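Before I ask anything, let me first share the structure, which is written out below as structure tokens.
Note that the chains take the letters A, B, C and D in the order they are written out, and that residue 1 is the start of every chain.
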Amino acid sequence: MPLPGELDGLSKRVSNWGRWGDDDELGCGNLLTAASARRGAESVTSGRRVSLAVDLRNKGGIQVGQPPRRINPFITPTSLNERDEAAPGIWEGTDEIVTMSTCAGTHIDALAHVSYDGLLYNGFPTSTTTASGGATKLGAEKLPKIVTRGVLLDVTRVKGVAGLDEIEQGYAITGADLDEAAESAKVTVEPGDVVLVRTGEMRHYRNRQRGRYAMGVDALMPGLSVHSVEWMHRHDVAGAFADCYAYEVFPPSLPDWSDCLAVHLLHVRDMGLIQGQNWDLEDLSVECADAGQWTFLLAAVPEPLVGAASTPVAPVAVL
Amino acid sequence: MPLPGELDGLSKRVSNWGRWGDDDELGCGNLLTAASARRGAESVTSGRRVSLAVDLRNKGGIQVGQPPRRINPFITPTSLNERDEAAPGIWEGTDEIVTMSTCAGTHIDALAHVSYDGLLYNGFPTSTTTASGGATKLGAEKLPKIVTRGVLLDVTRVKGVAGLDEIEQGYAITGADLDEAAESAKVTVEPGDVVLVRTGEMRHYRNRQRGRYAMGVDALMPGLSVHSVEWMHRHDVAGAFADCYAYEVFPPSLPDWSDCLAVHLLHVRDMGLIQGQNWDLEDLSVECADAGQWTFLLAAVPEPLVGAASTPVAPVAVL
Amino acid sequence: MPLPGELDGLSKRVSNWGRWGDDDELGCGNLLTAASARRGAESVTSGRRVSLAVDLRNKGGIQVGQPPRRINPFITPTSLNERDEAAPGIWEGTDEIVTMSTCAGTHIDALAHVSYDGLLYNGFPTSTTTASGGATKLGAEKLPKIVTRGVLLDVTRVKGVAGLDEIEQGYAITGADLDEAAESAKVTVEPGDVVLVRTGEMRHYRNRQRGRYAMGVDALMPGLSVHSVEWMHRHDVAGAFADCYAYEVFPPSLPDWSDCLAVHLLHVRDMGLIQGQNWDLEDLSVECADAGQWTFLLAAVPEPLVGAASTPVAPVAVL
Amino acid sequence: MPLPGELDGLSKRVSNWGRWGDDDELGCGNLLTAASARRGAESVTSGRRVSLAVDLRNKGGIQVGQPPRRINPFITPTSLNERDEAAPGIWEGTDEIVTMSTCAGTHIDALAHVSYDGLLYNGFPTSTTTASGGATKLGAEKLPKIVTRGVLLDVTRVKGVAGLDEIEQGYAITGADLDEAAESAKVTVEPGDVVLVRTGEMRHYRNRQRGRYAMGVDALMPGLSVHSVEWMHRHDVAGAFADCYAYEVFPPSLPDWSDCLAVHLLHVRDMGLIQGQNWDLEDLSVECADAGQWTFLLAAVPEPLVGAASTPVAPVAVL
């Protein structure tokens, strides 16, 4: 089933299918070039590193059971200050196994993550993903190694609030909002940049309001919207990441919710845009404002989990 | 039990206990500064990105059963091109759980990883790590966010071989070898740099000789040795990573193997050096030689798995 | 540290250490004999089978997070209506992996489960259990294959209530209570019998009051007590199972809770009694009352998980 | 796609679809009655218990990697001789999580396990099984609680060999073979009985020849065949279990292997027969021969894993 009427047109306008060849699995990762990496390195001024990852923890982790079966990490030892019979001596070591949802914390969506109409990005059929083989196309190991110029679009700070939910619980970020933030920062977003869009939602998680963070107020949550998709396409950003749980605004734009998760579908499936959520932009917001600098080197290299539909990442900005 | 006699003296000479305070859990990560991050950014010339991570895969992954219970990732779906009842519309998505050893592939050791004499780095007792709580001290979430200047010490290429095992199966890398590589590269290693030491072992894994890679020939394998430890300490590097399975040479230096894993013990437990293995330096070796440049921006941010003794990392070098 | 004063005497009176040899790992499982199995078979009258297991389910399962990291089963597919390349033809199959706490649902405690003073049943040191090797002594694979005569001690029905918590939230079952139930049933409990003690707590879980079931009201919950331990010893029962979450009463008998989990310690560590909880005795209670028969064939064969401290069981009674 | 020609006729002859109603999910489990349970109990003579389960172990377990991703149990502690903060006192306990394939060892197939033509037993579509929900029809929790009369059909002992592979590597068991074993045992198989068919293959696993057990010699393995299916149907057995890895003979009966796993398909999908494999019948074979008794009480209650396609079982025979 195609997207509802008006969105179908949007889908066609932003589509990148075939742009980088019929076999392309890299999507907007193709926009990451040696030039964008150099631009990132040249953005470093003080050398200050700011982590954008939330700790991966079992107790108090981000996942609270929606959707069901998304789980925080369990770390269980297979060796606990013990030796291995095969290696004598005085040493003792600890080894362990981790079991977690690939999107448990700060993560990047593989392009195999979402679909509609039976097709993934670039027209690969959804049947290319199976339980036994995982995503044989567009899996997490195909994601780009992101080292580029990052741009913080601090929509929230620009509007003088701690979070967009202070303006409206289900605040839908538009292209105009993104322009406003870029202009305030005096930044011209360039092809191959990665934009970080701050909603302020992460403050709830940091305040230990886990349910509020993951499910909003009556399931209303601010985020990117169908009104920001063309902006992403127009600026040819390689990726766009957000500091909230669902990435995109709830409720969707159509009254019947028939466009639920439309931003995911347009970004990932139609554009091949690299996206992800649960990025912690709170410290970065302060650092950028203090430095008066909203561009930086962004290193965000996804774990190359073969066949996975999402994967953990520990991004860092260097100002 | 302390280290055997001669190593005990070495241990005392390289110890960093107390150097950054009695509560320090960051170890040589303290050597990573704004200046070293700037130095890394300034090392970028072409902007070429080189991945240093091996794919995390179940079939054909690095783990082959030694030590027992170290496992390659299992990625199992919790949703396979399906919708969530709570979200209507046309979208379909794939979610999954991964189960893996934290040191299954390219990884960084947390400082809680190894010990002797009942003590971890900086004197924390091993009892601070439990099955239920994991490493409450020195866990993976305490590891530094590595963005600094990286230096490839291509010991192997300098000697004109494809792998050090061509010279001797259990080739023990010495400080002199590291000096030779640095001099050949015309690099002065500085405090806060991270050195990548290439043994060439990774070519066996890339050639699908998994057993050879993980267990060598009759358990003989080249690697760092007790004769390179003081070099690390003298140069105050923040970290040292290698492209082999055990990190350090086998056999150990003493005939009775009583110093088994001594490099781990001296690096991790005594120095607080950040280390890890299964880093793929094959492409980097070629790129550096082609560019005539052995320094680069190194981004290697460990997954912040709370309480873990090791953690995956997807490092990237930008030349 | 030994048990508090008065319990220390009890411990000595009920101890079975050495009774079946210094190497014994079977505990009261030794009381299960060919004769007790025959007695079980001879108890069958109608042939009606009654399941005593709760379904092992992720959503709505028994575990609610206390103690932390006890988890309900996750069942994740490794093949979903798919074929294996190695096997052609028209078939399709589904395979999966389960991840769960061994005590997630209806289970039996291995004798390695609990200890005090550094010693497990029969004096094995707790160091015989390690992270890498599991329980090398007294693990779940050493548990007896239970097929014997079962006796329902329906303490709850005898007292005319739906649950002992109707009498008192933290109702402590005594030997006198057990005698009352046996007498009401006109049953003489014999060596090698297994007794099932009904508190009625399971009705809360069946009513979907999961928190109430697992944590009671203000952590008060009925169960077996230090006042029933000698009864178990005197009757030489092979095992005793209950239909509640903690098995034993909360609060403990001493004001400072220094005897917390004393029933576990006395049963498992001192007596080697086979015990377990989350057994669903609601249907059985009705069937026994309807049939006027409180003895039956009990088959409860634990999964032989090598080295585990608890293990799932799916018990069934045949009246 | 339907079964190949001649098997299609067999499929129709043995089908039980609709026999117990259009909604039936119990299949031949319906044949288990109070009468068959009584018959089982009445088979007990000496009271001797014989376990038919193999230990569930990581090292040396049955799974050797075919099919890929079937794994032996990993048992990892979440508490290792530790206390829970919420419970003071002197006790220490061990808790753990197990991760394993549901068919890792001795198991029963749920009726959702295999299909062809898009349909499961009784016509339920395969789409009733999803990654997120598991088997919503015919899952393991719907399997019958097996307590009935068991009959050992010791095809192997009757022929005077240690294993059928001594006669022919890919020995295909026929109805005539089963008749021969029953006649030798002087047993008349009755509706609701469960038959245990011994190939002798388990001796390879007991001899630590794991590869030989799991993959035979050049993938040739004895087992049940399309020539034994009508026998099962004619005798209306509730279940049939075997002591081999694949349950059925390899190679299949047709030269092009288009009937691969045909016995699974006919038993599970067409008949709704309860089946499973890796049952250890070696001890039972000796005990039955010694006692001159090939019928017994069989208790084999599957773990009620909601939505699973297979499930562990720890069966026991009581002679």
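Definition applied: contacts are C-beta pairs under 8 Å (C-beta built on N, C-alpha and C of every residue); 3 or more make two chains touch, one makes a residue touch a chain.
Source: prediction; values computed, not measured.
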Requested in this report: If every step must land on a chain the current one touches, say how few steps get you from subunit B to subunit D.
Outcome: 1
Requested in this report: Compare the contact pairs of B-D with those of each option in A-C, A-D or C-D, and report the one where over half match by residue number.
Outcome: A-C
Query raised in the report: Could you state the distance in Å from the CA-based centre of subunit B to that of subunit C?
Result: 46
**Report entry** Approximate Å spacing (C-alpha centroids) for the pair subunit A, subunit B
**Finding:** 27
Requested in this report: Using mean C-alpha positions as chain centres, tell me how far subunit A is from subunit C in Å, no decimals.
Outcome: 46
Report summary line: Among subunit D residues, those touching two or more other chains are 58, 68-69, 71, 74, 76-80, 84, 94-97, 99, 130-132
Requested in this report: Assign the assembly's chain-to-chain touch graph to one of these shapes: line, ring, star, complete, other.
Outcome: complete
Query raised in the report: Where on subunit C is subunit B touching in the complex?
Result: 68-69, 74, 76-78, 80, 96-97, 99, 131-132
Report summary line: subunit D contacts subunit C in the complex at 1-3, 32-38, 41-42, 44, 46-49, 51, 53-58, 66-67, 69-71, 73, 75-81, 84, 86-103, 112-117, 126, 129-131, 134-135, 141, 145, 147, 252, 256-262, 264-265, 297, 299, 301-310, 312-316, 318
